[in-house]
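Down below are the structures I want you to see.
Shared between the two complexes below is chain A, which pairs with chain B and chain C, respectively.
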Partner chain A sequence: MISIVRSLWLVFLHMFHKRETVQYPEQKNKLTTRWRGRIVLTRDPDMGERCVGCYLCAAACPVDCISLQATEDETGRRYPEFFRINFSRCIFCGYCEEACPTYAIQLIPDFEMGEYNRQNLVYEKKELLIDGPGKYPGYNYYKVAGLAIGGKGKGQAQNEAPPVDIKSLIP
Partner chain B sequence: MVTIYIDNTPYQVKPGKNLLETCLTLGFDLPYFCWHPALGSVGACRQCAIKMYRDADDKSGRLVMSCMEPVSNNQRISIADKTAVDFREGVIEWLMTNHPHDCAVCDEGGACHLQDMTVMTGHTYRRFKFKKRTHVNQDLGPFINHEMNRCIQCYRCVRFYKDYAGGEDLDVFASKSNVYFGRSEPGTLESEFSGNLSEVCPTGVFTDKTLKQHYTRKWDLTMAPSICQHCSLGCNIIAGERYGDLRMIANRYHGEVNGYFICDRGRFGYEFVNAPARVRQTTQLGQPVDEDKAITQISELLKNSKVIGIGSPRASLESNYALKKLVGETNFHKGVSRQEQALMELAVSILNTGPVRALSMKEVEKADAVFILGEDLTNTSPMLALAIRQSVRQQPLHEVNALAVPEWNDAAAREIIQQKKGPLFVATVAETKLDSMATKTFRAAPQDISRLGFAVANLIDPSAPQVSNLHEDERAMSELIAKSLLASERPVIISGTSCQSDSVLKAAANVATALQKRNKNTGIVLTFPESNSVGLALMGGNPLEEAFQKVKSGNTDTVIILENDLYRHSQTTLVDEFLTKCKTVVVVDHSQQATSAKAQWLIPAGTFAEADGTIVNNEGRAQRYFQVYEKMNVKESWRWLTNLGATAGITPMQSWKNIDHITKALAQEEEVFRGIERVSLTSDYRMQDGQRVPRAPHRYSGRTAMLANVTVSEPKPPEDPDSGMSFTMEGTRAMPPSSMIPFFWSPGWNSVQSVNKYQEEVGAALRGGDPGIRLFEASATQSHYFNEVPEKFIAVDSKLWIVPLHHIYGSEELSAKSASVAKRVPLPYLMLNAEDAAKLGLKEGDAIEVAVGGDQLRLPVKVSASLSMGVAGLPAGLPTLSFVELPAWGLVKR
Partner chain C sequence: MDDATIDQLLIIGGVLGGLLLVAPGLIWLERRMLALWQDRYGPNRAGPFGLLVVLADTLKLFFKEDWTPPFADRFVFTIAPGIVVITVLMSFIVVPFAPGVIVSDLNIGLLFFLANSSLGAYSIILGGWASNNKYSLLGSMRGAAQMISYEVFMGLAMMGVVLLAGSFSMHTIVEAQKDMWFVIPQFLGFVIFFIAGIAETHRLPFDIPEAESELIAGFHSEYSGMKFGIFFVGEYLGIILISSVTVALYFGGWLGPDFMPPLVWFILKTFAFICFFILLRASLPRPRYDQLMEYGWKILLPLTLLNLMVTAGIVLLNKGI
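This part shows the complex of A and B:
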C-alpha cells in the first residue's frame, strides 16, 4: 500500500522535471566531435588526399562494406583509384577510423543519411572526400613516411638524414 | 634420431640439422631473418638467439644463434628464457631504428616477414631519437621495385641472387649502417630469377612491380593452387585475383619440382590473362552472339558435316581429350608440326620406355655430374638451369663434409668450396649463361653435338654405336666427359627438343643408357616445347600436316581449333590456305591471335586462372591447376567442348558434368593415363567438418561493397562444381591437403615464410606428400641403343645452316603477351659466326637478307664468336617473326 502511494507520488513529481524529449528535427541535439556518424575521407594540410590506399580500413571493417583500389600518380604518391562505402551495410563501429594510419578516414557527427532507395546509400570517393583535415588538423602522413613523392625526395621527411652517398670513402 | 630438451620438454629430432630448422619443424615460433631453408645459415642477423645449457644442472646457460648450432644428443635449450626473449626483442629494435614509417604504402605489408617477426618479439615503439638513415632507390627494370630505406641488412638478396642463382649485377655496397643492396648503376636486373627477390627479401626492399600497378594486399586476394604454363617444367604457383583481374603469381612450394623459387617468365608472364587482347565473348564473324545459340549451331555442324579437331600442347589434358572425343580419334590432330610431334614422341618414348629414370628438379640439384646436349636451359627451362647451378656444388661439398662442416653452414661451406665446381659439360649451338659454371663447353651444329654424345656413349659402353671421323678435339672432349660421368655417383644427362634435332635426343638417350649399365643412379632430363607437350604426346593424334591434307583433298569442311595459334606451328602460306579452304573455322581460345582472327566462330576459353585442368610436365608428372575465379562468358575449353558434344548427342559426353567425369573417362580409356583421377581430390571432397577449402583468406575485405556500385544487393557467390574449394572465405580454416593449398598462412606468419608450417620438416615434402602423380617410370628391362649417328656437319659456301635460338622472354607464346615481359623481348636478328660475318662483309647491326623455308627475311646481324662456321641462329617463336621450320639451310645475301 505504502509502496503504491510512493510510486504515484514519484510519478507526480516527474511532471515538474526538465523535459528530456528533443523536438527533432526542428530542434537538433548537440553531438560531440567524436560521435561516430557518417564516414568522410579527409585531406592533409596541403590539401592532398590523405588516403594512401593501404586497405587497412577495409580489412578492419566487420561488415566488409569498404572497398577500394590503390593506385599511384607519376611521382609515386599513392591514392585510391576508387573508394566505395556501402552505408546500407555500415554499422558505424569506427574500426576503420582506428585502423587508418594516415587519419584519412574519419567518422563525423552526422547521421542524417536516410534514403528511400537503398542504392543511394553506396557512397563513392566524390561523395566521401571533404576539403579539409577533419579532426586532425596538423597531420601529413607523407611528411613522416620515408617514401619519396612529388615535392619530397629521399631524406626530406621528418627526422630523416639526407641520403647516404654509397660511393663515398669517408667512414 | 636424437633427443633434445626444449624448455625441459624432450623431443625426438633428426641429427645433422641446425637448431633453428629443428625448432621450426617442431612447430615453435622462433624469429629469424638471414636464414632461408634453401640458402642455409650465416648467423648474420642475430635474431634467432636461444639459450643453450651445458647439462640439466646448468641454470645460467649461454646465448647462441640457433641457426648456427647443430643438433646433438641430450642438448638442452630454451626458447622462452627471459634473456633470450629480451635479446631477440632488442635485435628487432636495433634493426628498426632506420626503418621508414611506410607500411601503409609498402607492398609487402600484410605479407611481411619483418612485420611478423616484430609482432612475434613484442617490439612496439621506436625509442631511438636520432635521425633515420636514408638511401636513394634504383630503377631495376620492369619486374622489380626497389625501396632501399626498408632494408634490414639481412643479406638474403645477394646470397640468393649471387650465390644461389649466379647473378652478377646485384651486390652490396658501402659499409656499417650505410650498407646498400643494389646495382652499381640503375638498370634492369639481368638474372632470370630476379622475381624471387620479392619473396626472399623479408621486407619491402624488393617487391613485384607488376603487382604494384594494380596493388592488392595478400589478404584481399582470391587465390588458388596453380601450375605455371610457360614451359614444360610445371612449377607450382599460387595465382591471386581481385576485382576480376589476375593480380600476382607467387611460388607454391613443391619439394620435388620447384622448391622455393620460380623464374621471372613464370612470375611475370601472367599479365596475358588481363591483356586487352583477350577473347571475352562468343562471336560469329566478329559479332557477339548468344552462347546457347552458338552451341546449337556448331553442334548442328558436328552432326551434318565432316569435322576435324586440332588440339594444343598448351591446353590441358581434359580439353584435348574432350576435343578428341568430340571429333573422334582419327579426326584428332595434335596441332603441332610433324617434326615437333616426332620430337615430342621420341622424347617421351625415351623417358617412358627407356631404362633411365627421368629426374625431378630436386634430384638434378643433387646430381654430381651434368652433361647438357643442345639445350640453352636458361632460356628454354630456366628453373632447370637454377637446379644445375646447385648441382655443380655437389662434388666440392665432399670437402665440406670431410671437414665435418655441416652443409647448411653456408658461409663456411662457400669458404671451403671457393671457386671449385663439379663437372658440368655444356654442348650447345651458341653460348649459354651456364657456360661460366661449366667445366668445359662445346660449340657446334646440332649434328656435331649429337656426334659428341654418341662418342661419349661409345666410350662408356663399347657396345654403343661408334662414331667415325671424330675430330681430335671432339675425341679429347668426349673422353673427358666419359671419364667425369663414370667417376660420379649421380650423373644426369640433360637434353631437349629446343634445337629441333632428333639425333641430339638420341645421343642423350644413348649416353644415359650406357651410363645406366655402369651406374644405377644415372638420371635423364628432357625438356619439351610447351607446358603440356608430354600430355599431348601421350594422347595420340595426327600431325598438323594431315589436317591440312584432309581439307585440301576436300574430306573436311569444319575444323575446331583448341587453344592453338597454327601460325606458330606451320608456315604462314600453308595455314592461310588451310583456313581459307575450310568452310567453318571454330576457334576455342582465351587470347586473340593470328588464327583466331580468321575464325568464323570464336569461343572464349578460360586461361589457367579461369579454368581447371591437368597438365603433364617434362618428367611425366601430372599436376592439377585449379580455377582461381569466375569470369563472365568465359568457360574452360573442355566445358565448351563437352557442351557441344552433349548437344550433338555424343554419348559419353552427355554424362560429363564436371572435371572429375572427364579425367575418370580418360583414365579408364587410356592405359598411360591410369591413375590420373587421383592427381587431386575429387570435387566432392570436403574437410573434416564437411566444409570446403576457402580460396580467400579470412581477412578478405570489401565483400558487401565491391559490387555495390552495380547493385547494392550482393549477388550469390559463384559455386565451384569442379573442386572441393569455395570461391570465397567460407570454409574450413585448417591446413588443406597438399594438392589444394590456395595460399600459405599460419597464425603469426602472414608472409610466404609460413610455408615452414606446411612441410613435414623444413625443406622436405609438404604434409601429406608433394602433389602430382608421375605417369611413367623407367623400365629397366628394355635397353637398346639408337644407331643413327648423324653425318658430320660440313659448312657450305653461300649457305648457312640456320638453327633456332631460344629466349626466355619472347620464345614462349603466352608470356610474350604480358606487358612487363614484352619489354624484355628482343628484336629479331640473325646470329652469325664472326668469320662468316667477315666473309660477307657484315658487322654487328648490318641488315642481311636471308631466304629460309620459303620465307624472305631481312634482319639485323648479331655477331657471335661462339657459333660454329656455317651455322646461323634465328630466334625462335618471337611474336614479330613468322614461323620457319628449323633447322634448315638458308641462303643469305647482303
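This part shows the complex of A and C:
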C-alpha cells in the first residue's frame, strides 16, 4: 500500500524533471565530425577535382549505388565524366570513403535529405561536388603522386627524388 | 414553451454537448499528462499545444474501415459499443454540476447512478460475446466478474455518505457538506469508492478486461473504426462520471469559496480527479486477475462493511443524544 502511494508520488514528481525529448526541427542535435551522412566529392586546395575515377568506391559499395565513368583531360589528368550516387539505395556504410585512395569521396554530418520525388534522390556530379577539401585540408593527390601529368614531370612531386638514369654507370 | 422548459432543455443540451466535447479532449489531455510524467512533451505539433490532434484522431477514426468480422453476431456486435455511452450519459442525469444545473434531481439519484453503471457491464459482455473470439470472450468474462464484484462495495461505500446526508438525492448530499466535506468523516469510504470506481471504468491499473499485453485488446479486439471510437468515448465519459460523482459525494461538489462561481469549482475538482486517473495509469502496474478478485472480496468488502457499521453506529448515537 505504501509502495503504491510512493510510486504515485515519485511519478508525480517527474512533472518537474527536465524533458528528454529533443524538439527536432527547431532544436538540432550536434553531430560528430565522423558522422556518416550525405556523400560529397571534394576538391583539392587548388580547386581541382580530387576524384581520379578509379572505380574503387563503386567496387566497394555493397548496394551498388555509385556509378561513374572515368575520362582524361588533355594533360593526362583523370577525372570522372559523370558521377552518380543513388541515395535511395545508399546505406551510408562509408565503405566508399574508406576505399577512396585520394580522399575525394567523403561522408559528412548531414542527413536531412528528404524528398517527395524518389527520382530526386539520384545525385549527379554537380550536386555531389563541393568547393572545398572536406575533412583533409591541404591534401592534393597529384602533388604527392609520382605520376607525370601536364605541368608536372617525373620526380617533381613532393618528397620525390628525381628519377634515376638507369642507362648511366655513374653512381 | 415556458422559461422552465427552455432552461431544462438548455441544461440537457449543455451537459450533453459539454461532455461529448470534453471526452475526446481527454485523449489529448491524457497523452500530454502521461508525457509530462514520463519526461516527454507529448503531442505538441498540431495546432496550439497540439490540441488539433483530437481532431486528427477523430477524423482518422471516421475514415477507418468500419469492419464487422464475418463470424461475429452482427446485430449485437453493432449495438454493444452504444450501450456503454448511453448508460454513462444516463448516469450524468443525476450529477449536480451547480445549484440548479442538474438535469433531474431524482430523489433516488445514487441508486439511479449505480443502476446505470451496472448496466454498462452489458456493453463489455455483449461486445466480447458477439465478437466470437476467444480473447474477446476472456476479456468480457473478466470484465463482467470485475465490474459486478466491485459494484457491490462501490454501493456499500456510498451508503456511508447516504447515512450522513440522510438522502439518496445528489443535490441534498452536496448541500449536506456545507460544514464539512464528507471526505473527512468518510475517508475510508472515499478510498474504497474511488478504487471501485477505477475498476468500474476498467481503467489502468484495473484494465483487466482489456489487458493489451495478455488479451490483445480484450473485449474490443475485433472492433475497428468508429465502433472502437465509441468504446473509447465511453471509457473517457466513465472517467468523467466517476470523477464528478466522487467530487459530488466526498468533496463538496460545487461548494467552495465565493470568488469563483460554483460551476467552476465543480469543474476544477473534477479535473483534478481526472488528472489523478491519468497519474494512476502512468505509475501503477496491472494486478493479476485473481489478485484483483481476492483484493476485492477479502479486503475491500470487509472494510466497507466495517465502515458502514461504524458510520451507522455513530449516526445512531448522535440521534439518540
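The rule is short, and it goes like this: the second predicted complex is superposed on the first by the 144 of 171 C-alpha atoms of A that agree within 3 Å, B and C clash if a C-alpha of one lies under 4 Å from a C-alpha of the other, contacts with A are read in each partner's own complex, and residues count from 1 in each chain.
Following the convention adopted for this analysis, contacts are C-beta pairs under 8 Å (C-beta built on N, C-alpha and C of every residue); 3 or more make two chains touch, one makes a residue touch a chain.
These figures come from a predicted structure and were not determined experimentally.
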item	value
Partner chain(s) touched by A:H17 [first = chain B, second = chain C, both, neither]	second
Chain B versus chain C as contact partner of A:R78, first or second or both or neither	first
Touched partner set for A:V144, first chain B, second chain C, both or neither	first
Which superposed partner A:K154 touches (first chain B, second chain C, both, neither)	first
First, second, both or neither for A:L8, with chain B first and chain C second	second
Touching partner for A:G132 - first (chain B), second (chain C), both, neither	neither
Superposed model, chain A: greater residue contact from chain B or chain C	B
Which superposed partner A:K167 touches (first chain B, second chain C, both, neither)	first
Chain B - residues contacting chain A, complex	100-105, 109-110, 131-137, 147, 149-150, 173-176, 178, 180, 212, 214-217, 219-220, 243, 699-706, 708-709, 711-713
Interface residues, chain C side, partner chain A - complex	36-41, 279-280, 282-284
Interface residues, chain A side, partner chain C - complex	4, 7-8, 10-12, 14-15, 17-21, 23
Residue numbers on chain A that touch chain B, as the complex places them	52-56, 58-59, 61, 63-72, 78, 84-86, 88-89, 101-102, 118-119, 121-122, 124, 141, 144-148, 154-155, 157, 159-164, 166-168, 171
